[in-house]
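Multiple structures follow.
Shared chain: chain A. Partners: chain B in the first complex, chain C in the second.
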Partner chain A sequence: MNDPFDPTTPDTTTDSPPVQLLTPAGQRVTDPDYSYDGDLADVQDLYRDLVMVRRIDTEAFALQRHGELGLWPPLLGQEAAQVGAGRAMRPQDFAFPTYRDHGIVWCRGEDPTYLLGIFRGSSLGGWDPADRHVALPNIIIGAQTLHATGYAMGLTIDGLVGTGTPDRDAAAMAFLGDGATSQGDFNEALDWAAVHQAPVVFFCQNNHYAISVPLERQTRVPIAQRADGFGLPGVRVDGNDVLACHAVTTAALQRARDGQGPTLVEAVTYRMGAHTTSDDPTRYREASEVEAWKAKDPLERVATHLRDEGVCEEWFAALDTEADALGEHLRESCQRIPEPDLASLFDQVFVETTVELDQQKAEYVAWRDSFEGSVA
Partner chain B sequence: MPEFKLPDVGEGLTEAEIITWQVSVGDTVAINDVLVEIETAKSLVELPSPYAGEVRALLVSEGDTVLVGTPIIAIGSADVVEDASVETRPSAEPAKREAMLVGYGPRTDAPTRRRRPSAPASSVPAPSRVASVDTERVRQPAPPTPPAPQAPVPPSRLKLRPLAKPPVRKLAKDLGIDLADVPTTGDVVTRADVEAFAGRVVPDAPVAARPDEAGETRIPIKGVRKFTAEAMVRSAFTAPHVTEWVTLDVSRTMQLVARLKSDPAFGAVKVSPTLIAAKAICLAMRRTPELNARWDEVAQEIVVKKAVNLGIAAATARGLVVPNVVGADSLSLVELAAAIGELTTTAREGRTQPAQMTGGTFSLTNIGVFGIDAGTPILNPGESGILALGSIERRAWVDEEDNVVPRWVTTLALSFDHRVVDGEQGSRFLADVAAILRDPAQALTY
Partner chain C sequence: MTTEKMTMVKAINSGLRASMEADSKVVVMGEDIGRLGGVFRVTEGLQKDFGDHRVMDTPLAESAIVGTAIGLTFRGFRPVIEIQFDGFVYPAYDQIVSQVARMHFRSSGKVRMPVVIRIPYGGGIGAVEHHSDSPEGQFAMTAGLKVVAPSTPHDAHWMIQQAIASDDPIVFMEPKRRYWESGQVDTGSTDLPLWSSQVVRPGRDATLITYGPMVKTCLASAEAAVEDGLELEVIDLRTLSPLDLAPVVESVRRTGHAVVVHEAARTLGLGAEIAARITEECFFSLEAPVQRVTGYDMPYPPSRAEEEFLPGLDRILDAVDRALQES
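Moving on to the complex of A and B:
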């Protein structure tokens, strides 16, 4: 059948190969445009982040299976993309993550326990986004690309871009997945960012599936190539290579802070797990595909490289112990998450509440208090 | 001793089947060791252990379908020797924390909280429920019995809409039962209440298939088998079935099938007599839309559907499933072929989604593939017609010139719901389908 809409033909991969600085076998390689400038200790720090982020993810996944969380969207396989990008940010930059970007929240320094509260249904976030310059995880697909663009335009208006002061010049970073590229919001954000030369980096983790919809039904060209039409640079990077992700994001952020405009980064990675704990990926993808990506594991290649560089086994063992402690911290913190007070919902609608909301709150509290044994 | 209660692993699941225990009594487990594999309506899931210690008891067996919140395993602390009395500690002891706080949780039939005695006087109607309150856990009893005759309650208050979850409402609707008529012990009408009222309480399935001493094999009734059985009972004893037959010469249909098979336009799809029969059904429906209708007992209406959602019965490893081609009447022949092909492939792979099996308006079943001449098919619940296509065989046939000639012959059987369709419409519809299969050129006249 000759179907012009046949989704099997588009080739979304044969653009220039993604930027890579560390091969799946753990070999450092060079790239004409990008390099990682850190020393061995810096790579060790990145590896520690990778291990910790993976532990947060696996522990939270298990907590969902224990019945402690309502839902969890696992990031397994995407650690390098998130850690590489997250660690390229400076304190004055602002991150706009999605619900799967637990690694970004970690890199910004927020306690991952907050994430458990969200997915337990006990809180709406819990942290003040202004504290560490990280917004609450966005559930609406692609909406945060506009938030980031607007924030970035504000940075320009506030004179925080291109002044040549490294500790002051700032940029915004929007995180998104391949599915978000089909949203109108994403396309509007790229257009506005390009037109206004906003200091924003769009970091797309192309994990190949929008729940069950494969990439080839999402786009006919590589995602990075979409930037061309809007007039901003697009870069493809090996999303499982933490050094490459760090290098590419560092350059893109610097460009933004210097007032040279936005960049679209496509980190080519793979979601090793399910979309969420409610999803069964075996229904829509082959085991062989998952196996092929397993060989490109983002942690293994760094561990191999560190061992080749002479990092001792004691260091790895100590890291495992630290990860175990983090896992225990999460389990215990989860037990201590307080039950939410529904009455507080009324306080969180406006900065200054309204008469109507006050009345509704009073009615609710009175009704609730009419039950025996009610706490309030 | 800590007991692990079956969690809701998939946003609103109420039960799961225990597939395989990965641990045995006496095993020592660490936190997050895999304990058991369960199957939910969504997927196979491994459950990791929330506790470390020694497995003291497996509280449910493989093959059991258990409700969310049911304790499934008891795990003792490895460094504490517990005596048996510990297991029977009074439940009134304040638990530090319920293991099941997320998801729908265990259904406790006793109200966990009661209204204070200082509640409003009994003449005041019970307050309406507030959506933001967890009505599973905070339940209001009926207002106290009035101490003395009161002023009559306004009629509008007499018949409150009974409380029930949407699936229970759907069940009642499917069974033609008014929820207000269903007696219930609590405030909320449950599935069990509806089933009891309908007089068809489904007994619990036996725990697992087991060979009997008498040489029997007892197979638990569940999954597709259970669904099929319920659907068939509901259909057979609700809709009065009439079945009509016609035997005909389909040689021209066989020629058409052979011709289409060599047509490049049909190269990528499967062409079969079933396809032509499906097309004939859609065409015949134009003249007799009564066959594409549904009896709505609750509304006391006959609902005539505009589009033909054609169910195709498929035998699968898990049993019979009847997914339907949505809007089959608006598809071209090649589109219809592709849709049927995809539907049956999906069904055989066991990937048919529940949504694909609802909303059908008429069904086609090809019993001919089993070498059977004809039968009396039972209606798919909610539909008013089903056509069975018998085997197509070379038979002696008397042609127009009184010669006995070998021809391709088959028998069609049509069952219809006599509440909706009379013999006149049923016969016309079947005759029309037969006419098209006898001479596919007849399709031009529709």
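Moving on to the complex of A and C:
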């Protein structure tokens, strides 16, 4: 395809079929290894998350278009992967997300307004990772996979793995994209996690692109298969199937918490939108490809299934109302995000500040205050 | 003379094209540089015209980009690397500092490293974290690396070609916030060698010493200072390592006042070296301590604070006032 050195680039997408429990048409199907154990109400909860997460995305996208945000990386198309994985986590687990994992932040229970703050240019994060066990989204590709591995090593040292106490045993979860699998950090993380049998799950959303670069330029084997060489299991899952993502991640996390070591999960999905609001994907991919993935929408199939199971239209309508309220909340809270105050940032560089920083802060404040009373 | 008005993006693009046409061993590599033409479109159209052997969309791994570029030089290639943004050069830091910078020295001068590492750098574009760093000082202080920074389309067009033609490894700092500004480019020739600084505005009251994105800011400051009856000389360093301080020394000996301006943090930034050298060379002409107007000693702040963080006209003129008052 796009490989300059070898025209026989292997197809990295059709090897072992991904685990699927709900087809694009909304049919429940079985898998020999995985099952979704929730009841209808649980599926409704997952659907609610899917709708909310999509709303965060479309709302933020619109805010960017209205000039309220500088940038937004849309997750459109990846809702099921994030909700399935995010809801498989327990409160004591710890998530290490990327800039696109708004759904993970949502599932951990942080106010998405923080995400608006980051992409508005008002803050570099905002929340305390310890509060809800979710790290600040990482922009440096692949770096967080090592953080998750180290966190997991710490869990082992602290005796929080394999004790058989479900509310106590914990795991770490690293989120990453297909492009990130080329980074040294990620490959080192797999090695370390395997060597230490660390309780960590690497959840890779293979959305087929790293900005403009297609999957074929990152790997010659399916991503899940890369785990083999490092000595940990790799699983491919339909990333647009929230039930399968939930089931596979639940099992991987349980393995980790039980002390049986790390797992690499490859969620096969598609980035329906641009890389970010600054990107123009028509320059590097065909509309027909996007169209084909539209038919595999992660929300539609769940809605079809719920309707087949007799969930009434009022419930769907109430959900829409709830999503509208979330949209309203985001639009309004975006307006109230405080402007960053440079003076206070001097105090955030170190725990114990330095003479240089104190001097520079005094100099800055004096300079800033010299404009006081002058016409802005 | 064949001058043409173009943006810096276009100027570098045409410079790359000229180098690739002149030497079939010049190869370009980086993330998203082929089909997309780079996130800033600096390499637009090059893959189409030179093929994907010579214009490579690499896997997402900066250390590997620089590491494999070293291997390519062993076969006589002259790799030109694009690092997508300043903040993404650090994964490649080891290959740059421990490998690229030392290969010639280790081999007693036998191995040549004609590698150019292009880095769109600096702030002022309202970007998210890791997209506004100014790491030039870290490379300038690394023995075995050369560092240059153009400030205009004309310089960018020629300096990239001169850098590619050089047999030494060069970190090429591109002031991304000036990418879309247009200027006249003489595509026929240039009269400036790569390793030279340049007086870009003559003056007699004080000397502003700067490079890259801050050249324009300093020129605007000098223009504004005219109202106060001040004539500020502005020097565009162009080359950061090695430094060409002859024009600076000559200027400061005349003006008696020096202000160094850069976006990078102050402590141990390039301004420190320049101030020391001015003190050494111009001590008896200096009428006031050398002033520095820089970013503060903090990681780059959220973009809505960057206007306050970055040196601007007011802070530069303030520093000029300080220098003049102390004399």
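Following the convention adopted for this analysis, the second predicted complex is superposed on the first by the 366 of 376 C-alpha atoms of A that agree within 3 Å, B and C clash if a C-alpha of one lies under 4 Å from a C-alpha of the other, contacts with A are read in each partner's own complex, and residues count from 1 in each chain.
Assume a contact is a pair of C-beta atoms (placed from the backbone, for glycine too) under 8 Å apart; a residue touches a chain by one contact, two chains touch by 3 or more.
Note that the structure is predicted; figures quoted are calculated from it, not measured.
Steric overlap between chain B and chain C is present once the structures are superposed on chain A. After overlaying the two complexes on the shared chain, residue contacts for A:His133 are found with neither chain B nor chain C. Contact with both chain B and chain C is seen for A:Arg283 once the two complexes are overlaid on the shared chain. Within the superposed three-chain model, A:Val213 lies in touch with chain C and out of touch with chain B [touch as defined at top]. Legend: residue contacts after superposition of the two complexes on their common chain; A:Arg65 is shown touching chain B, with no touch to chain C.
Of the two partner chains, chain B is the only one touched by A:Arg331; chain C is not. By the touch criterion defined above, A:Leu342 lies against chain B and chain C together after alignment on the C-alpha atoms of chain A. Once the two complexes are overlaid on the shared chain, A:Leu124 sits against chain C while remaining clear of chain B. Once the two complexes are overlaid on the shared chain, A:Gly184 sits against chain C while remaining clear of chain B.
Of the two partner chains, chain B and chain C are each touched by A:Trp367.
Once the two structures are superposed, chain B and chain C can be ranked by residues of chain A touched, with C on top. Only one of the stretches 112-120, 184-192 or 238-246 in chain C has C-alpha atoms clashing with chain B after the fit on chain A, and that stretch is 184-192. Comparing the two complexes, residues 70-71, 120-121, 278-279, 283, 339, 342, 345, 364, 367-368 of chain A contact chain B in one case and chain C in the other. Residues of chain C that touch chain A in their complex: 31-32, 35-37, 39, 51-53, 56-61, 63-64, 87-88, 90-91, 126-130, 266-267, 296-299, 301-306, 308-309, 314-315, 318. Listed in rising order, the residues of chain B touching chain A in the complex are 4-11, 31-32, 42-48, 50, 97, 99-103, 113-116, 118-119, 127, 130, 132-133, 138, 267-268, 351.
Those residues of chain A whose C-beta lies close enough to touch chain B in the complex are 1, 59, 62, 64-71, 120-121, 277-280, 282-283, 331, 335, 339, 342, 345, 364, 367-368, 370-374. Across the complex, chain C is touched by residues 2, 4-5, 70-71, 99, 118-124, 139-142, 179-180, 182-185, 210-213, 217-218, 278-279, 283-284, 339-342, 345-346, 348-349, 354, 356-357, 360, 364, 367-368 of chain A.
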